[in-house]
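Two complexes follow with subunit A in common, the first pairing it with subunit B and the second with subunit C.
Here is the complex of A and B:
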C-alpha cells in the first residue's frame, strides 16, 4: 500500500513537472506515449497476467477512437464521449471474448486477429464514417466548466487519465480477481480443479482490457482529431504487442516503458530514413532472439535486484524449474 | 447459365491460389506447431521475383521455376536461422514472423516501388475458351488445373509415400516420431520449404491475375488464416475445402452484395468455430 501511494505521488509529480523541463515538442510526444501507454498496459494485463496473446487488441482502440469522432458530431461532453467509447469497446470485448476465449494459444490469437480485420473491412469498405479515408472531427475536450484547447492542457488531461488507468489496473491486478487470473495463466488445470470458473476470469480480464484500450482510443481521437481504418490494422496490433514485449511482460509499468522506447525510437529513426518499417521488423526479430524479459527487467537487473529479476523472468516467461535450477548451478 | 459457370470458374481460380497459399500454412502448423504469419510474404516475394525475371526477358515458365526455388532457399534460411530457435514460444513466433512481414514488405517496396505491377500472361495460354456465349481465359483454367494437380499431389504424398507417413505421424505426435529415430530437424526444414514453395508458386501463378502491390501480403494472409481456421489446421484437405468455399463466395458476393461479401466469410468462420473450435477437418485440438 505504501509503495502504491509513493508510486502515485511520483507519477503525479512527474506529469506535473515534465512540461516545465521539456520543449513543447517533447511534451507532445510524451502525450502520445501516455496514450499508447494506457493501450499497452491494457494489453499487458491480458498478456502478462492472463497469458492471452491477442493480435486483435487494436480493435478496441479503433472502436474507442471512432466512437469519439462519430459521436462528437452530436455530443460535446468528454464524459459522455469517453464513457460511450469505453462501453462500446467493452461490449465488443464481451461478444468476441466469449467466442475467442474458447480457444487457446495460436487459435485465440488468430480469432482475435480475424475479428479485428473484420472491423477493418467494415470501416474501410462501408459508405459510412468516411470509408477508407477515415473521419475527422473538431472536438476539443470539454470538461463542462472549461474547454481545453492548448496542447499543454491536453497533456495534463491525458496525464490524469494515465495515472487513473494505472491505479485502476494496479488495483485490478492485486484484487482477488487479478490474482485468480494469474493463477489461471500459471496453471489452468489446477485452478479448474480448485473450483474456479476459469472462463469467467478470462472473459472479465478481456473486457477490462478492452475497456481501457477503448479509453486510450478515445483519448487518441481527442489528440489527433481523426480516426481511420488503419487503427484496426495489423500494424497497430503488432506495434502494441511489441511495446509490451520491449517493456517486459508480467508488469504493469513495463508496457508503458516499452511504449516510450518505441515512440521515441520511431520518431528518431523516421527523421533519418524512410526505412522505418524495415528497421522495425529487424528490431522485432532481434528482440525475439536476444530479449530476456524486457527493458524493465533489464533496469531492475542493473539496479541489482538480481533475485527478484529471476523470479520475474520465471513468472513472465514460464521458465521451467529445471531451467531455473540449471541457471543457479552455473553461477 | 453462362454467367453462373463463368463466376464459378473465377471463384475456383481465386480459391486455388488461396489453396496453394493456405495449404503450406496449415501443414507447417500441423507438424511444427509454428504459426508463420510471414507466409503471405512468401507469396508476395514469389510474384515479385517472377516479375523481375519476366521483366528482364526471361520466359514465364523459367521465371516460375526460378522464383519458386529462390523463395524455397530463402525459406530454408529463415527456418534454420530463425524459426527453429523459437519452437514452442507463441509470442516469439508471432513477433518474429510479423517482423519478417515488415522486413520483406519494406524490401519489396524498396526494390519494386509502390505501384501496381502485373506479370503478363504467358503466350501459350493467352487464348480464351468459349463457354456458351461467354469467354473464359485459358490461363485461369490452367490455374484451376494446377490447384487440382497440387491437391492430388498432396493426397498422393500424404497417403502413398513413406515421407507422407512420417509427416502424418508427426502431426499426431512429433516427439514420438523423433524417438523412433527420424531426424525431426530435417523433416521440419523440408516441410517448411515445401510450404514456402507452394506459397511462392501461388504468388507467381497469381501474378497475371491479381497483380502485386504493397501490403498485399496482409490480404492474402488474412484470407489464408480464415481458410485454415474454417478448414482446420494441420490438414491440406481442410485448406482445400476452405479455399474453394471462400473463392466461390468471394466471386458471387462481389456481384450480388459487394459491400458485405467479406462479412459473409467472417460469419461462416465464426459459425464453424462456435460449432467446432478446431475447424471442419481440424487434426489439431484448439
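Here is the complex of A and C:
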C-alpha cells in the first residue's frame, strides 16, 4: 500500500516537474513516450501476464486513432471521443479475441496478425477515411471547461492519462483476476483443474488490453492530428513488441521503459546515422540472448549489485545484518 | 447410498480401445484404490471421471446427478478434485501464490478485478492455515521449482483440497518418490479428513494396503474385480497376475 502511494506521488511529481527541466523538443518526445508507454503496457499485460503473444496489437491503437480523427469532425468533447475510441477497440478485441484465443503460440500470433492486416486492407483500400493517404484533422483536447492548445498542456493531459492507465492496470494485475491470469499463463491445465474457466480470463485480458491500446491510439490522434493505415501495419505491431521485450516482460513498468529507450534511440541515434535501426536491432538481440528480463531487470540487477556491495562493506566493518535492516527501515 | 457411481465407461483413442465398460462405486468416506498393470486404462479412467477427456459411452453419476457431459471446471464446483501423476503446479509462482489461486477459485473471488488480492483477508488467513496444517509454513515464499519433489507432491494435495472436494482423485501420489517420502505421503493421505472420499491410482502395494478400504482391479479397460483389500489379496487369480505369485513387487 505504501509503495503504491509512493509510486503515485513520484509519477505525479515527475510529470509535473519534467517540463521545467527540459527543452520543448524533449517534452514533445516524452509526450510520445507516454502514449507509446500506455500502448506498450497494454501489450505487456497480455504478453507478460497472460502469455498471449500478439502481432496484431496495433489494430486497437489504429482503431482508437481513426475513431478520434473521424469523429472529431462531428464531436469536440475529448470525453466522448476517447470513450468511443476505447469502446470500439474493446468491441474489436472481444470479437477477434473470442476467435484468436482458441489457438496458442504461433497460431495465436498469426491469427491476430491476420485480423490486423484485414483492417490495414479495409482502411487503405476503401474510399472513406482518406484511403491509403490517411486522414487528417485539427482537433484540440476540449475538456469542457477549457480547450488545451499548447504542447505543454497536451503533455500534462497525456501525463494524466498515463498515470491513470498505469494505476488501473496495476490494480488489475494485483487483483484476483490478474493473479488468475498469471496462473493461466503458468499452467493452463492446472487452472482448469482448480475450477477456473480459463477462456474467460484470456478474453477479458485481451479486451482490457485492447481498450488501453485504443486509448493510446486516441491520444496519439490528439498529438499527431492524423491517422493513416500504417498504424495497422506490421511495422507498428513489431515496434510495440520490441518495446515490451527490451523494457522487460512480466512487469508493467518494463514496457514503458522499453518505449522510452526505443523512442530516444529513434530520435537521437537517427541524427547521427541513418542506420539507427541496426543499433536497435543489436540491443534487441543482446537483451534476448543475455537478459530475458529486459532493461528493467538489468537496472534491478545493478541496484542489487550496489546494495549487496554495500552489504559486504558493512559486514567487513562488523555491522550486523539486523542493524543494517533496522537502519534501512528507519531511513 | 453411494456417492459416486461410474457405469460402463467406454473410451477409444482411434483403434486403441482403452476403456471397455469399466465401472466403480464409491461410498462416502471410502479410500478406493484402483490397481492394474501399465496400460490398463487407469489414468484414462480418472480423466474420464474428472472430465479432462470426453467419454464415448457410459455414465458418471454424482449424488443422483449425471455429470459426464459437464466441463471439468463445473465438476470441480460440484466437488471433484484431483492431483496429477506428474506434478502439475505453477512452478514460477511462490507456494503462497499457488494456494491463493486455488482458494480464489473456491471462494468465487476469481473474477474480481478492482480490489487488490492482498486485501482479501479470508484468503490470506486460510492460506496460512492450510500451509501450517500441512507442514509447509516455512516454505511460503519459495518458488515451487525450488521445492523438493516430495514437497511439491504435498503442495499438489493441498491445492486439490482447497476446493473443498467431496471426492479427491489421486493419480499415483507416490510416483517417483523415495521410500521415506513415500512413507510420509502415506501419513499425509491418512490425514485427509474422512469427509473427503478418495479414488486413488497406485502401483506401490505398501501404499495400497496401508490406505485402501476398497480395491478395484482394472485390466484391459475392464473392471475384473472390486472388493475389500483382504479379498483382493486373497484372490488366487489376482495374485498370479499382479503380485507375481505372492512376492510383493510392483503391480
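Just so it is clear, the second predicted complex is superposed on the first by the 290 of 331 C-alpha atoms of A that agree within 3 Å, B and C clash if a C-alpha of one lies under 4 Å from a C-alpha of the other, contacts with A are read in each partner's own complex, and residues count from 1 in each chain.
Here is the rule we go by: contacts are C-beta pairs under 8 Å (C-beta built on N, C-alpha and C of every residue); 3 or more make two chains touch, one makes a residue touch a chain.
This is a predicted model, so every value here is computed, not measured.
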Contacts of A:245 with subunit B and subunit C, given as first, second, both or neither: first
First, second, both or neither for A:289, with subunit B first and subunit C second: first
First (subunit B), second (subunit C), both or neither touched by A:187: second
First (subunit B), second (subunit C), both or neither touched by A:179: second
Touch count on subunit A, higher of subunit B and subunit C: B
First, second, both or neither for A:125, with subunit B first and subunit C second: first
Subunit B versus subunit C as contact partner of A:107, first or second or both or neither: first
In the complex, subunit C residues that touch subunit A: 50, 72-73, 76-77, 81-82, 84, 88-93, 97, 100-102, 104-106, 109-118, 120, 159-160, 162-163
Residues of subunit B defined as touching subunit A within the complex: 29, 33, 35, 82, 85-86, 90-92, 94-96, 98-107, 109-110, 218, 222, 225-226, 229, 233, 259, 262-263, 266, 269-270, 273-274, 277, 286
Contact footprint of subunit C on subunit A as seen in their complex: 171-172, 174-180, 182-183, 186-187, 189-197, 200, 204
Of subunit A, residues touching subunit B in the complex: 47, 53, 55, 99, 102-107, 109-111, 113-114, 117-118, 121-122, 125-127, 233-234, 238, 241-242, 245, 249, 275, 277-278, 280-285, 287-289
